[in-house]
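In structure tokens below, several structures.
Both complexes shown next keep chain A, but they swap its partner, so chain B is in the first and chain C is in the second.
Up next is the complex of A and B:
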């Protein structure tokens, strides 16, 4: 019976406990990390199961709910927390073998310190019910991300990270200004109390706040004109970071944006303004541009970075519809994309680890040298394109259905067009993977280590499983709209009626 | 009152303009710092009450300034300082590698 705050505290303790463990014994480091990650996963599952029976509120420091910083675990937050912890558990296990020590013997502890702080930051972002707390966790996740990209000290990583830092800092500034304006006009930072008072805020100020939030979070989840940092950062970052960032890192920002527009602004604001049509058009532009850009890439990580941006476009379309169906479809696509991109980046990491294969040319012939990894990669790639019977097909189908139901026929038409485009460039990758070639292994190589292959395989096969048995995730996602579409439910939950 | 908002607005725009227009890496960092300082100014101003004293809830202190934005300002200062430190460290690395601070001479930062 763990209280929800342990979900955030445990990664923090682990991160800072690493230094102490390292003093006693270097051999203890990896068992310690694996143990902590396992306990964390169990805690999250426990909390999520209880949160699905009844949404949970936890007030920090035992203060009254009105004044305290609250953790609010409603169904959407629970699903996001579960997703984050599953992906980060697999990434931690994978990283234990993937990250190699450098000469100074500090890379491994440094990497895991940052990784666990990132996990704590992302979990904090999805669980918190306080606007400023959201900003703090947002910055924790952001700053650790900048440093994680630099962990290999590769030549190209400096420029990419500097760009990322500039964009990230500006996004933090936009969000902080928006939060300040909210505080100025409502006098509180508790999300439910803001939601109560926000209706009285003048319309112009509301629009300014909305634009600031959209730009701020948009930089982080890579809406199209704001996405430029991502393709530069991904090729230089270590593969497990790519998996966690593309899989759940950008989703945490997306979640924060969904939470802000649905709880703060509320359903009435979305229904009475042009927000939906704006975001739908923007989503279509996002995925079309990203697919077209991805088509021209030779570097695989760059290609997948653009593919991630495209998926964000689909999710934005789905969640901005403000219908029951749209939210379920968007939520399902968030889950699916995390699994698919996790599998793809972890498999790609194995290609890089053993064969230094970074471009489409490099992976020629790997289909024979690494059969299981390549198979996983293929499964995830096919799911990415959106072919049946994979989960990507289902969620894209649901998005199309939801868009048609709300009358956005053009947007619904463009979604299969986008899928066709992604078919072209993913098939190019797969063709190269299974064509003949003479890959040169970097080290004496027989078969990949189990701890590297297993996380990728789990994620890859879960794409297929969720595609064949979608009942459970869809049932779980069916509950999320209750607290989003009607913000009074959220207010009652947090303030207790 | 409006003057303060205007000043904060001008400072933020100035900072963002610096980041966009300059070609010098250090000046970019300075631009970001200006934006952050403007934000902290805004934070302090949001909590300001004319004639208010320090937020001590005791006898004789009837009119106090709002303590919440001050707590936020402290957090914002810490976050700002750490980002600036990280940025300057990166600039040092970039300078060592390319022997220049000019953005247009560094491959990927162009455009």
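Up next is the complex of A and C:
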């Protein structure tokens, strides 16, 4: 019976304790990290199971719910927390082998310190029910991300990271000003109290706050044209960071945006304004531009960065429909994309680790040298395209259905067009992977290490599993709209009726 | 042309912010009113800023302190490890001696601000900055080697880790006492008479943890930034 606060403070304790463990023994470092990550995963599963029986509220400092910082674990938060911790766990295990020590002997401890802070930051963003607390964890996640990209200290990564830093800071400022305006116009930071008082806020101010939140979070989850940092940052970053950032990092910002529009602004605001059509059109533009850009890429990580942007486009269409079906479809695509992109980046990391294969040309012939990794990669790529029987097919199908139901026929038409485009460039990658070539391993190797291959394989096969047995995730996702579409449910949950 | 675009963008943003802030109406600030009305009684701290930072919104403070922790880690890791060239020891003996005699006073001031954070203006963050000034003075007036020999990077890093851990552990005491994380008065901790040094429940100890962490963190940041190629 762990209390939900452990989900956030265990990674923090691990990060703070790393320096002390290192003094005692350098050999203890990796077992310590693996142990902490395992305990964390178990705690998350325990909390999530209980949260599905009954949503949980945890008031920090023992204060009254009205004035405390609360953790609110409703079904959507629980699903996101589970997703973040599963991906993070696999990424931590993968990184234990993937990240190699540099001359100064600082890289490994610092990398894990920042990784655990990033995990704490993302979980904090997802679990909190307080607007300013959301910003604090948003900053932790942002700052650690900038540094994780630079962990190899390559010259090439500096330019991209600087761009990322500027974009990220701009996004932070926008969100901070939006939170400031919300606080000044409602007098509170508790999300449920804000939702109650937000109805009295004048319309013009509301739209300005919405613009600030949309631009601020939009930079982070890479809506075209706010996406430009992502393709520049991904190629130089370590593969496990790519997996965690594309899989769950940008989703945490997306989650925060969903929370803000549904709880603060509420269903009525979305229904009475043109927000849905704006976001649907924006989503279509996002995925079309991103697919067309991805088509031109030679560097694989750049290609997958554009592919991630495209998937965000699909998700934003689904969640902005403000229907039960749309939210389920969007949520399912969030889960699926995290698994698929996680598998793809972790498999790509193995290609890079053993063969330094970074472009489409480089991976020629790897299908024979790394059969299992390549198979995993193929599974995830087919799921990305949206072919049956994979999970990507199901969630895209659900998004099309939801869009048609709400009358967005043109958007629904463009989704298969986008999938067709992605078919073209993913097949090019797969063709290169299985064509003949003579890859040169960096060191002589027989087969990839299990700790590298296993996380990728787990994620890859879960794409197939979720595609064949979608009942469980869809049942779980079926509960999320209760607290989103009717914000009074959320208010009653948090303020206790 | 590019400058023109930037100008238009800046004007648009400025007018949006102007519209937003001029459209604000007087509302009942229920959160801050609650803090002001019940603060002294429920937290035992007579410095309201500290009461909010370390009791009502202690979790935010943990997050903010983590941001500084991350920043210090990142800067010390990313910046070059080569020795300083820009700062040379060219102060006279007079300066060296007087700074050496000033440092204990600075130390006392820093510790005072930290320990009396719940009674007078100051607190862990402010006091920590003053404590970091000691390491900065060593670096500026003497040189980096002297500063590092007095308090090496690994020692500062250890102090920072311990400060951060202490914050979390003090928070856990609230859970052990049967309340929730970071609870102090609400967990039944001894609040004392407001205005006395032993009051405010967990607040003074949280202040000390943050003071140690911020002081060490800022000293690491300064000494890392001062290194040249």
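Just so we're on the same page, the second predicted complex is superposed on the first by the 497 of 497 C-alpha atoms of A that agree within 3 Å, B and C clash if a C-alpha of one lies under 4 Å from a C-alpha of the other, contacts with A are read in each partner's own complex, and residues count from 1 in each chain.
In this text, a residue touches a chain if its C-beta (ideal position, glycine included) is under 8 Å from a C-beta of that chain, and two chains touch if they have at least 3 such contacts.
Note that this is a predicted model, so its numbers are computed, not measured.
J.: Touching A:461, do we find chain B (first), chain C (second), both, or neither?
T.: The answer is neither, since A:461 touches no partner chain.
J.: Contacts for A:189 in the overlay, against chain B (first) and chain C (second): which applies, first, second, both or neither?
T.: In the superposition, A:189 contacts both chain B and chain C.
J.: Applying the touch criterion given at the start, work out whether A:60 contacts chain B, chain C, both or neither, answering first, second, both or neither.
T.: After superposition on chain A, A:60 lies in contact with chain C alone.
J.: I'd like to know which partner A:162 touches here: chain B for first, chain C for second, both or neither.
T.: Only chain B; A:162 stays clear of chain C.
J.: Considering only touches as defined above, state whether A:117 meets chain B (first), chain C (second), both or neither.
T.: second
J.: Mind telling me which of the two, chain B or chain C, contacts the most residues of chain A?
T.: Partner touching more chain A residues in the overlay: C.
J.: Look at A:434 in the shared chain and tell me whether it touches chain B only, chain C only, both, or neither; answer first, second, both or neither.
T.: A:434: touches no partner chain.
J.: Touching A:20 in the superposition: chain B (first), chain C (second), both, neither?
T.: second
J.: Which partner does A:172 reach: the first (chain B), the second (chain C), both, or neither?
T.: It touches chain B, and chain C stays clear.
J.: Return first, second, both or neither, reflecting whether A:139 touches chain B, chain C, both chains, or no partner chain.
T.: both
J.: Overlap of the chain B and chain C footprints on chain A, residue-wise?
T.: In chain A, residues 132, 136, 139, 143, 146-147, 150, 177, 183-184, 189 are touched by chain B and also by chain C.
J.: Touching chain B in the complex: which residues of chain A?
T.: 132, 136, 139, 143, 146-147, 150, 155-156, 158-163, 165-166, 169-170, 172-173, 176-177, 180, 183-184, 189, 232
J.: Can you check the complex and tell me which residues of chain B touch chain A?
T.: Residue list for chain B touching chain A: 12, 16, 19, 25, 28, 32, 35-36, 39, 42-43, 46, 68-69, 72, 75-76, 79, 82-83, 86-87, 90-91, 93-94, 97, 106-109.
J.: Show which residues of chain C lie in contact with chain A when the two form their complex.
T.: 16-17, 19-21, 23-25, 27-35, 55-60, 62-64, 66-67, 69-71, 73-74, 77-78, 81, 154, 157-158, 160-162, 164-165, 168, 171-172, 174-175, 179-187
J.: Quick one: which bits of chain A touch chain C in the complex? Just the residue numbers, please.
T.: Touching chain C: residues 3, 5, 9, 12-13, 15-20, 23, 58-63, 66-69, 104, 106-107, 110, 113-114, 117, 120, 124, 132-133, 136-137, 139-140, 143-144, 146-147, 150, 153, 177, 181, 183-190, 193, 197, 200, 202, 204-205, 208-209, 211 of chain A.
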